[in-house]
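One chain, chain A, links the two complexes that follow: it is found with chain B in the first and with chain C in the second.
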Partner chain A sequence: MKRLRDWLVLNGRAAGGRAYVRIIGATREPSWILSDTILPILGMLAYVYIYRGLGAPRAYETFAVLGGLMLAYWISVLWSMAAQFYWEKQMGNLEFYFTAPCSRFAILTGMAVGGMIWASTRAVVGFGLGIFVLHVPMDFSRAPEAAGIFLLTLVALYALGMWLSSLFLLYGREVWHLANAFQEPVYLASGLYFPVRALGPWAFLAFGVLPLSLGLDAMRQLFLGKLASGFLPIGLETVLLAISGVVFIAIAAISWRVLEERSKREGKLTLRWQ
Partner chain B sequence: MTQAGARTWIRHFRSAAWLGWQVESNWADPYIFAVYALARPLALSLILVAIYSVVSGGALHGDRFAWIYVGNAFFVFVPLMLVGVAWTITEDREQFQILKYIYASPIGLFTYLAGRAVTKFVTATMSCIAILLLGGLVLGVHYHTTPLLALAGMVGFVFGVIGTFGMGLLLAGAGLVFARQAVNLNEGAAGVLYLVCGAVFPVDTLPGFTRYVGFLFPLTWWLEGMRRSWLGVRAAGMVGEIPDAVIFAVLAVSAVAWYAFGAWTYRTLEHRAKQQGLLDRTTAF
Partner chain C sequence: MEWAVETKALRREFAPSRQTGKNATGEARGARPAPVVALAGVDLTIRKGELYGLLGPNGAGKTTLLKILTTLLYPTTGEARVAGLDVVRQAVDLRRRIALVSGGEYSGYGILTTRETLWMFGQFYGVPNKEARRRADELLEIVGLSDMAGARINRLSTGQRQRLNFARGFVSDPEIIFLDEPTLGLDVNAAREVRRYVRRWLAARDTRTVVLTTHYLLEADELCDRVSIIDRGRILATDSPMGLRGHVRTGRRVVVEVSQADGLGEALGALAGVTNLRASPQPEKNTTQWHFTLEQGSHIAQVLELLSRRGVIPVNLTTHDSSLEDVFVAIVGRALEDEA
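Presenting the complex of A and B:
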């Protein structure tokens, strides 16, 4: 019992410490908060104005705002979760994680929690801008359900980030570029700014691999009802999201074990500028 | 510049361009690199296709769609070249930590940036051509021009590239003196230009004075000029009422002005970065 408690305390502290660094690091310089928050919203605004320029129904603008909300988290997953170990390797910090007595997953959990809080500053401002300034239509009668789906989506997304982070143990610039390539193509595949139904049969592919598509489609249906042109029933999307969260965590655990072992054998774990 | 000086400059420029190509592409074989280089801009175009298709009920024809599509095709020069030049500073200083060595070499940072810009230009041109080909061959975008507009388009293209490089130099200079803000500045610049320059919607859609902000940038005139020379289609609203000759003349003047301003600002900020000891700073951005 004592051993379990010690284990929990140690890993809880490690997760808290890693999250603390991320949160404090993001807030210590006011100009960073401003630039981190305001500038990324511009992309969302552009898509709102594209819909306005095309004379589309106002509900489509909600697609752009919800897409902007989730984009903040996807960027955080890609660059602050998946690619984080690339930066750590470059700075010579990665070896400290491996010599620490805590679980790797405690560090990853801390990174995820800190990343979610950091990304939320971006997301909340964009979401608020959409509702209070752009006045995009949204029905909040099912907001608690939408909040549940949102949290489930975050768990699945950050679990995917944990898996992707393991790739950086072995590879260098190749996966850095892969993370780069996971931006616009994923915005397309997940229907970030438009109903995923527009992808036709390809939408199933997006649903199979991207929790972003599932979460967005479900949230749109909850906020817009039939105007959302939902792809699958909300209940089914919720189940698929929960499954994808569990599956990604399991894959991350296996991938971390295999790639850590291999990168040690090949001498790539601390190899910089590869 | 003497003949020997020009030869030396060209040699430095070529070395920088070669180095730029290696940095950009030697992590993968050419086919994978080509897929990687084309995936992002093509995806961005297909997002617009999907949005237009959803709004129009599946119809992908007409001047309006072509106008949006071609504007977006030429906009790839902004994230790939304009922002790419600025990223060179952040990447080389923070990630590869070689900026100080380049500064200490006889090549000079300005020439180095110009050489690196060539790589960015080639990648952006490849992407732009791929998007235009996809539009013409798959999406049914009908390109047509007149000899005069084609000539104006070719000359205008060169001016657009000059203006884009000038704006990239401005951002690169900012990257030398700012720390983490430089990364957000790069991201934000592309976002602002996408929003205010009428890249994919007429500037008249924007509220209040913001609809006039884009007039300050050569990009607004460049995108409109390219649309007219490739499609003969004009923007809806106030930009569309401006005659072709004025569009291309304003493009030429604003491009040269932005290049001069960008180069001057870059040199000023480079000097400042040296004075303040910022050239080898790493901030763990």
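Presenting the complex of A and C:
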């Protein structure tokens, strides 16, 4: 029992320590507010005005706002989770993390929590803009369910980020291209600014593995009802999200174990410029 | 006796570089390249409370050994125990009790202040919040950064970052600390402070152990209770710095600095009892220093007589006992500076 308590205390503190960097970073670099919050919101606004200009159903504007909300987290997962351990290696922190007694997952959890809090500032600004300034249609009668789906999506997304972090570390200097390769196609595959049904059933089945696609589709249905042109029943999407969260965490655990074994065998992983 | 560190026949090989396809001896592609042997069977015991140094040139295997002892690397064969724990099978438990600092490196996040950085690294070891802050302030004082406690890391100079990195290793108050070239890149004063702190830290905690690698002879001589000389993956000798001097009969070192060098080298070399003769020109003073070893101190009389006979008045003449450098040359067969 004491061993378990010690383990929880150690890893809780480690996660808190790592999350602190993210949270404090958000308050210390005003330029980040511009680059991470204001500029991406302009992209969301552009879609809203395109739909208005074309005279599209107003529900499409809600698609764009919800897409902008979730995009903040996807960017955070991609650049601040998946690619982060590569930057950690270049900064000289990776070797430290590999000799520290805490679990790698405590550090990843800290990154995830800090990343969520940081991304939330941007998401809240975008969401608030959509509701209070653009007055996009949204029915809040099922808001608690939508909040549940939102949290489930975040868990699955950041679990995916934990797995990707091990893969990105293996790719070393190619990480920049890899992150870019994951960024733009996912905008399309997840139906970020449009109803994902437009991609057709096969495309959705192929991309449905992405928590972003499932979460967005479910949230749109909860906020817009039939106007959302939902693809799968909300219940099924909830189950799939929960499963994907568990599966991604399991894959991440295996992947990190393999990576660490390989690192100790080959001795190169923690070295800079490798 | 329970050792702080114990290794048995520790061997580590690395696969040859895939890019060149060449092995350590430069054999070409085609032939199956032999692995690079970084450690070739290291047997080592370090006592609790000891300040132990590994002295060797670049590529001797010092860092590889430290990486194995700190669970970053598996040995190819052999075994290693640190604090009584197997470095392969009990790595997780072991990590709570050790810390590693690599000199010449710095870590942390530019956005954090120096105090926050030390606090954060303490969190990864589970140090309670308040205690981590107290230790952070204490360590900042020790490494001379207390007036920079609120400064962000990205505003520090390289030397300041290195000092902070050194402090980081002590924030968890480890049972055994491994310092890999701790003073690398530090200026003379900072290096002296670092050495002083290591001694003080150990003196205040008699069951703690420090294992350091260095290629600075002075550092090993001044700091370590025992030193192992390592070269090409093998431990060649282990003893106290004083004891190591006794291991090899190195005679008395002499340096004669003269302004007229013509033919003096040959004459000195012909004297009985003179060995290891080498010239070191000093162009800025227009002189030459002759370094040599006398088998017996009394042979200095012949040297003085030779200088007098040739009418050479030395600008400077010094003699001293054998140093760790002499011991290193005698054991390894080359000077540390030859590696640079």
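One rule holds for everything that comes next: the second predicted complex is superposed on the first by the 252 of 274 C-alpha atoms of A that agree within 3 Å, B and C clash if a C-alpha of one lies under 4 Å from a C-alpha of the other, contacts with A are read in each partner's own complex, and residues count from 1 in each chain.
By our rule, a contact is a pair of C-beta atoms (placed from the backbone, for glycine too) under 8 Å apart; a residue touches a chain by one contact, two chains touch by 3 or more.
Computed from a prediction, not measured in an experiment: that's the story for all the values here.
*Asks:* Is A:Ala56 in contact with chain B, with chain C, with both, or with neither (first, second, both, neither)?
*Replies:* So A:Ala56 only meets chain B here.
*Asks:* Let me test your reading of the model: by the given contact rule, A:Ala46 touches which partner, first (chain B), second (chain C), both or neither?
*Replies:* Touch status of A:Ala46: first partner only.
*Asks:* Which partner does A:Gly191 contact after superposing on A: first (chain B), second (chain C), both, neither?
*Replies:* first
*Asks:* In the overlay, answer first, second, both or neither for which of chain B and chain C A:Gln183 touches.
*Replies:* first
*Asks:* State whether A:Leu199 touches chain B only (first), chain C only (second), both chains, or neither.
*Replies:* first
*Asks:* Check the residue A:Ser35 against both partner chains and state whether it touches chain B (first), chain C (second), both, or neither.
*Replies:* first
*Asks:* Please indicate which partner A:Cys102 is in contact with in the superposed arrangement: first for chain B, second for chain C, both, or neither.
*Replies:* Once the two structures are laid over each other on A, A:Cys102 reaches chain C alone.
*Asks:* Which holds for A:Gln90: it touches chain B only (first), chain C only (second), both, or neither?
*Replies:* Touch partner of A:Gln90: chain B, not chain C.
*Asks:* Can you tell me whether chain B or chain C touches more residues on chain A?
*Replies:* Tallying touched residues of chain A, the top partner is B.
*Asks:* Quick check for you: in the superposed arrangement, does A:Gly235 touch first (chain B), second (chain C), both or neither?
*Replies:* Neither chain B nor chain C is touched by A:Gly235.
*Asks:* I'd like to check the shared interface: which positions of chain A are touched by both chain B and chain C across the two complexes?
*Replies:* 29, 91
*Asks:* Sort out for me which residues of chain A touch chain B in the complex.
*Replies:* 29, 31-32, 35-36, 38-40, 42-43, 45-47, 49-56, 60, 87, 90-91, 172-174, 177, 180-181, 183-185, 187-188, 191-195, 198-199, 273
*Asks:* Okay, in this complex, where on chain C does chain A touch?
*Replies:* Residues 14-15, 64, 67, 70-74, 92, 95-96, 98-100, 102, 105-109, 111-112, 116, 119-127, 129, 152, 165, 168.
*Asks:* Using the touch definition up top, name the residues of chain B that touch chain A in the complex.
*Replies:* Chain B reaches chain A through residues 27-28, 36, 39-41, 43-44, 46-48, 50-56, 64, 68, 95-96, 180-181, 184-185, 187-188, 191-192, 194-195, 199-202, 205-206, 284.
*Asks:* So in the complex, the part of chain A that touches chain C is made up of which residues?
*Replies:* These residues of chain A touch chain C: 6, 9-10, 13-14, 16-18, 20-21, 24-25, 28-29, 91-93, 95-102, 107, 263-267, 270.
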